[in-house]
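Look for chain A in each of the two complexes below; its partner is chain B in the first and chain C in the second.
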Partner chain A sequence: MKSSRQNISKGWITTAFTAVLAVFLTACGPGASNNESSNASASSDKNGSKKITICLIPKKKGLPYFTSCAAGAELAAADLGNVELIYDGPTDGSPEKQASMIEQYTLKGVDVIAVSPNDPDVVAPAMRKAREKGIKVISWDADAVQDARDYFVNQATAQAIAHGMVDTMVSDIGGPDVKAEVAIVTAYLTAANQNVWIQHMKTHIADTYPNLNLVAIKPSDEDQKLAFKVTQDLMKAYPDIKGFFGISSVSFPGAAEAVKQAGKSGEVMVTGLATPNSMKSYVKDGTVKSVVLWNTSELGYLTVMVGEALATGKLSSGATSFDAGKLGEKKIDGDHVLLGDILVFNQENIDQYDF
Partner chain B sequence: MTDATSTHTTPPLKRALIYLLSHRAAGLFLFIVLLLGIVSVMNPAFLETQNIKDIAVQAAPVCIISCGLMLVLVSGEIDISVGSMMGLLAACMGAMVSESRGHLPPGMAIVLTLGIGVVIGLLNGWLVAYAGVPSIIVTLGMLTALRGVTEIVMGGSWITDLPDGIRFLGTGAFMGIPISLWTALTVILVSLWLVHRTAIGRRIYAIGSNPHAAYLAGLPIKPLKLFVFAWTGFLTGVATLVSVPQLSVVDSGIGVGLELLVVTCVVVGGTAVSGGLGNLSGVLCGVILMTMISTVLIFMKLGENATYWSRAIQGLFILGAIIADHWISRQRKS
Partner chain C sequence: MKQRILNMIWQPETFLIVLIGILLTAMGRLDASFLQWEVQRALSSHVWELAIIAIPMTLIILTAGIDLSVGSVMGLSAITTGMLFQKGLPLPLACSASLLVGIFCGFLNGWFITRMKVHPLIITLATMAAYRGMAEGISHAKPVSGFPDSFTWLGQGDWFGLPVAAWVFAVMVGIVLWMMHGRAFGVGIYAIGHNETATRFSGLRVDRYLVTLYTFSGFASALAAVLFVARRNTAKADAGMGMELGVITAVVIGGVSIFGGRGTLIGACLGVLLIHETREFVSWHWNRDELNLLALGILLILSVVFQKLLRHKQGSAI
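Coming up: the complex of A and B.
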């Protein structure tokens, strides 16, 4: 009989496949995917001159924004010559995975860990543990809890970014006296960077543009489709809305697409932060006039320079300026190393950038 | 007291409640009408054609995948890998059609995308049915693994040059109705036929409601389970094709959290997590309700806090549906 062959006891096969699956999962997990890290602890070469191992951890591996930062970091490592760079991060942007990666690299004994925290509080304990082991810990791109890191490499002050976006929006929709409704599409409601920017945007709007009315702040959960949907809904719920801020590299293109498909390009402006490649088509068709960002490659470059200087003792607390090689002299404000100003992409210059 | 008299003494309100909860489609339909009434009083713009169309377009991919997932649940299994599967299929589709990458003709990319969906579904189904690994473990593993493969396919950058031929699937319309809605309608009709008119459909219900009896009756349990997973994989491919090209950028985070939304819709729609029970009209109402909730909250203009509610409400609906199922089965027994 056919059914008699369907033996239900398959315990060993189950075990075997669960094991295979587990191996598969581990292989896809953080840390194990990086072969460069295997010799991370071999920190001296034959001549005895010390090789500095710097581990650069982004919020999420695979985002073009961070990939372009990493390209700059590679340049710095090549220019310095004594730096071995590891670029590794969670593929899903999970702060818990980020914390466990910091712990892994602490155990491997790297010299410097530079991290862009997804959630400062979640990764803080792991960062403190690394510091206790004598590893130099810096935050870059987004700040960490202050006592969990030595320095923060800051791309531009939160104030400069927030004011840049609001001023850009105001000039795009009709000048300083414009009376209009605007909305923000953010990343996660817990994203530290975005929340600080939002605070500065609110105060700047209240102080300088009292006729600008911020009607809603919606998260996109770093999901383009959700950014698209909330923008679509907000346009209908607030028919007089004149502008959207897409303040993450995922929410910006989603918001722009919604405005474009509603046939409101030029009538409703979208501005915000994103990498230039994903916004080129919208800048060309007029849905977006300006894209605000900073020089991502220089951010990665500066982070590696600071890491190396910390590990070799060239940079110690109390310094007020820092020689960043080809980037020139950079200002240090307390424990913030400042990269400089924001960069605005528009129809004239966006084609010069490719990332 | 006999059973008959106890039914008579049940108060009419309670009987109505039991009826609505056990005929989930009817109950949800009433709830949707009520919600529509409230929101349209607060903001009449909700009922404008464009808004209804937008909600329907958002619901279409969820509806397409739900039709497949319902059968998985009915067969007594679960698939929580569909979110990552959509992410991977979007990456593959994008990489194939992108002018700077594969540069394949759209028609070929469509066929290949559907094919990859079926293959992943078959892999899920084979691990569950033939290797005997519990489906929650297989698909939980796939949820992580497929996202990892997506990153490899994307290679650290996004796809920003989708050709018009593919974009048409997401933005185009036929006789004034978007392609995704025609597709969802077709999938619903095929699913109705599958469930009500074929032996396969009836057998899927049989193996879910009483696996032991189905086994003794000699039903081909393993091929049937393989089929429901492959079918869900195929439908995830279909949903990817009609929804992802709506956006101009393919990033590596497409479909994140979709598995939870789809499971919510199917369970709220009255499909039993334990298998054997579920109907398409209930699932359809579940999809409409869950996709309109966040839009309703925006139209009610409740301010920033509404964002937090949206997710809490999604969770409450799952709990509510499960408690309702539990309560009804107890009422039936007593």
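Coming up: the complex of A and C.
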């Protein structure tokens, strides 16, 4: 009895060991041949010219927003031909992991690291170390600590975003001469991005649409339920209100839901900043006519173009414009490369975008 | 004699060394640059905090307990360092204060477990939430940055060719190994893990042991927090998020039985080494963070299955 049990367990161990060995052998096989192509900085293409390795790090891997950016980056790498693109980021969105990844890429000696920092302060030491080693470091989508990077690929200026939202609202509620009350539902009252946008929105309204009356600016504390409640309250306080700006990806759906549940879809317009997928249902049922964002695919494309140009020396500090291939000429403002125009999603085009 | 050699071979530690050997060989074949000393030394900076916390965790799991609050203690200690520094306190004082906070957090865990007779799993689950909540509350989730170079050296600098944290870890392991080896302290821990009631009746002060261990765990977490703040130059409330899972995984992979009484500190250290190398290599070679979790899961299952079989084998051989 005892010995048979022993034999069984011995058999198990042998089987399991064989299984492990098999796993490693198969892992070694294709990997070993892969080695040359993945060994980043040393590899060359057929013409003998050096391949440039660009690492694109998103805030969080697996988010549709960043996946769509990555698709654009792939396109740029294919168009350029001399670029090897690595797209990887923390699946849990942890800034520590972003820093660890930057450290790894630095050790490997890649040419360009482009990062959308989750927490600028946490990744800054790693970014500075990479720069010390001669690696070109750029931030994209969100800016980093200024001295830790060479360039920031800025998807849209605060002014472009603010003007875009106001212009969109005006055309949605009846044209340039419309006389109406509108309100803003923001993130936090202290949110830096939002406050700059609000400032630009106010000046733009005062300069261009004097009949538009901005009656309230309310915080939603990045809480969709609070955005919902705030919007409800505003509709009670201002029965004639014609439009809401939801200027964060959380306050926008919250405001839209409040208008929808009040049965005022089409009567009270909501517009703002969000990804198309999160707003598709509201666009379909008419609560929202337009969603403002930037072209994420072009953002990824431009980031890779800038990275390649920095690594090859085509782009150096002091430049005021940059030839971004199929995107055309892009403006450079100081150390910001500007993607430029915003993108407006509406009933006609929203189905073409999936993020 | 032959029996003795066989027994030595069928130890979890031997199995781990063989597994690490196979893995490193495979990694070297796939990507030789990964095994360079410079690369390994630089990458090691990612693991020391986990390794330091794994020491008390091993002892606690040996007594059939568990401490889920380590990551949250890290967060609370990190933010203590940061906020006191921001208030203008000298850094040595700020660090000492954060170590005291860690010690107190750990002591509180031990006190609840021994006095209130609450299961460690429950009480540390509760304090995991509570300590993290306090950290977020005190700091309003705002990070503190801008520490002087003299301090960040602790986390980023080298001392005699190794990161400072590596020396801290080495000293701690040395002391604990010395205390465990053939001394009453070590015997007591294993005894508690095997049969707490019998140990109690045999006159050992079980409660004192447990309070000491959980306090030690709090201290180690706070120490890891200080090193972490120095390494990342940022103190924030979510420091050490998910740390407890990494630490417990490493200890269990290292052959320490979650039911207590079985396993060694050396094994746990090998477990730490194994998951560290796996993690780093997966993102080094494949550039796919999502594979990391998969690899970790496979390792854990493999290791547990093997150890189960090894114990079986051992049991029938003796």
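We take it that the second predicted complex is superposed on the first by the 195 of 355 C-alpha atoms of A that agree within 3 Å, B and C clash if a C-alpha of one lies under 4 Å from a C-alpha of the other, contacts with A are read in each partner's own complex, and residues count from 1 in each chain.
The criterion applied here is as follows: a contact is a pair of C-beta atoms (placed from the backbone, for glycine too) under 8 Å apart; a residue touches a chain by one contact, two chains touch by 3 or more.
Not measured: the values here are computed from a predicted model.
Q: Once the structures are superposed on A, label A:104 by its partner contacts, choosing first (chain B), second (chain C), both or neither.
A: In the superposition, A:104 touches chain C alone.
Q: Using the touch definition from the top, say if A:253 reaches chain B (first), chain C (second), both or neither.
A: Touch status of A:253: first partner only.
Q: Could you look at A:352 and tell me whether it touches chain B, chain C, both or neither (first, second, both, neither)?
A: A:352 sits against neither chain B nor chain C.
Q: Please indicate which partner A:62 is in contact with in the superposed arrangement: first for chain B, second for chain C, both, or neither.
A: After superposition on chain A, A:62 lies in contact with both partners, chain B and chain C.
Q: Who does A:233 touch here: chain B (first), chain C (second), both, or neither?
A: first
Q: For A:91, decide between first (touching chain B), second (touching chain C), both and neither.
A: Both chain B and chain C are touched by A:91.
Q: Could you say whether A:316 touches chain B, chain C, both of them, or neither, answering first, second, both or neither?
A: In the superposition, A:316 contacts neither chain B nor chain C.
Q: What is the contact status of A:277 with respect to chain B (first) and chain C (second): first, second, both, or neither?
A: Only chain B is touched by A:277; chain C is not.
Q: For chain A, which residues lie in the overlap of the chain B contacts and the chain C contacts?
A: Comparing the two interfaces on chain A, one with chain B and one with chain C, the shared residues are 2, 6, 10, 13, 21, 24, 28, 61-62, 91-92.
Q: Along chain C, where are the residues that touch chain A in the complex?
A: Going by the criterion above, the answer is residues 19, 22-23, 26, 29-31, 33, 38-39, 42-43, 45-46, 143, 145, 152, 156, 232-234, 236, 241-242, 280, 283-285, 287-290, 292-293, 302, 305-306, 309-310, 312-313, 316-317.
Q: Quick one: in the complex, what on chain A touches chain C?
A: Touching chain C from chain A are residues 2, 5-6, 9-10, 12-13, 16, 20-21, 24, 27-28, 31-32, 35, 38-39, 55, 61-62, 86-92, 94, 96-97, 99-101, 103-104, 107-108, 119, 121-122, 124-125.
Q: Can you name the residues of chain B that touch chain A in the complex?
A: Its residues touching chain A are 43, 45, 48, 50-51, 54, 58, 127, 131-134, 137-138, 141, 144-145, 147-149, 151, 154, 156-158, 160, 171, 215-216, 218, 221-222, 243, 246-249, 251-254, 256-257, 294-295, 298-299, 301, 303-304, 307-308.
Q: Within the complex, which stretch of chain A touches chain B?
A: 1-3, 6, 10, 13-14, 17-18, 21-22, 24-25, 28-29, 61-64, 67, 91-93, 189, 216-219, 221-225, 228-230, 232-234, 236-237, 239, 250, 253-254, 257, 261, 277-278, 280-282, 355
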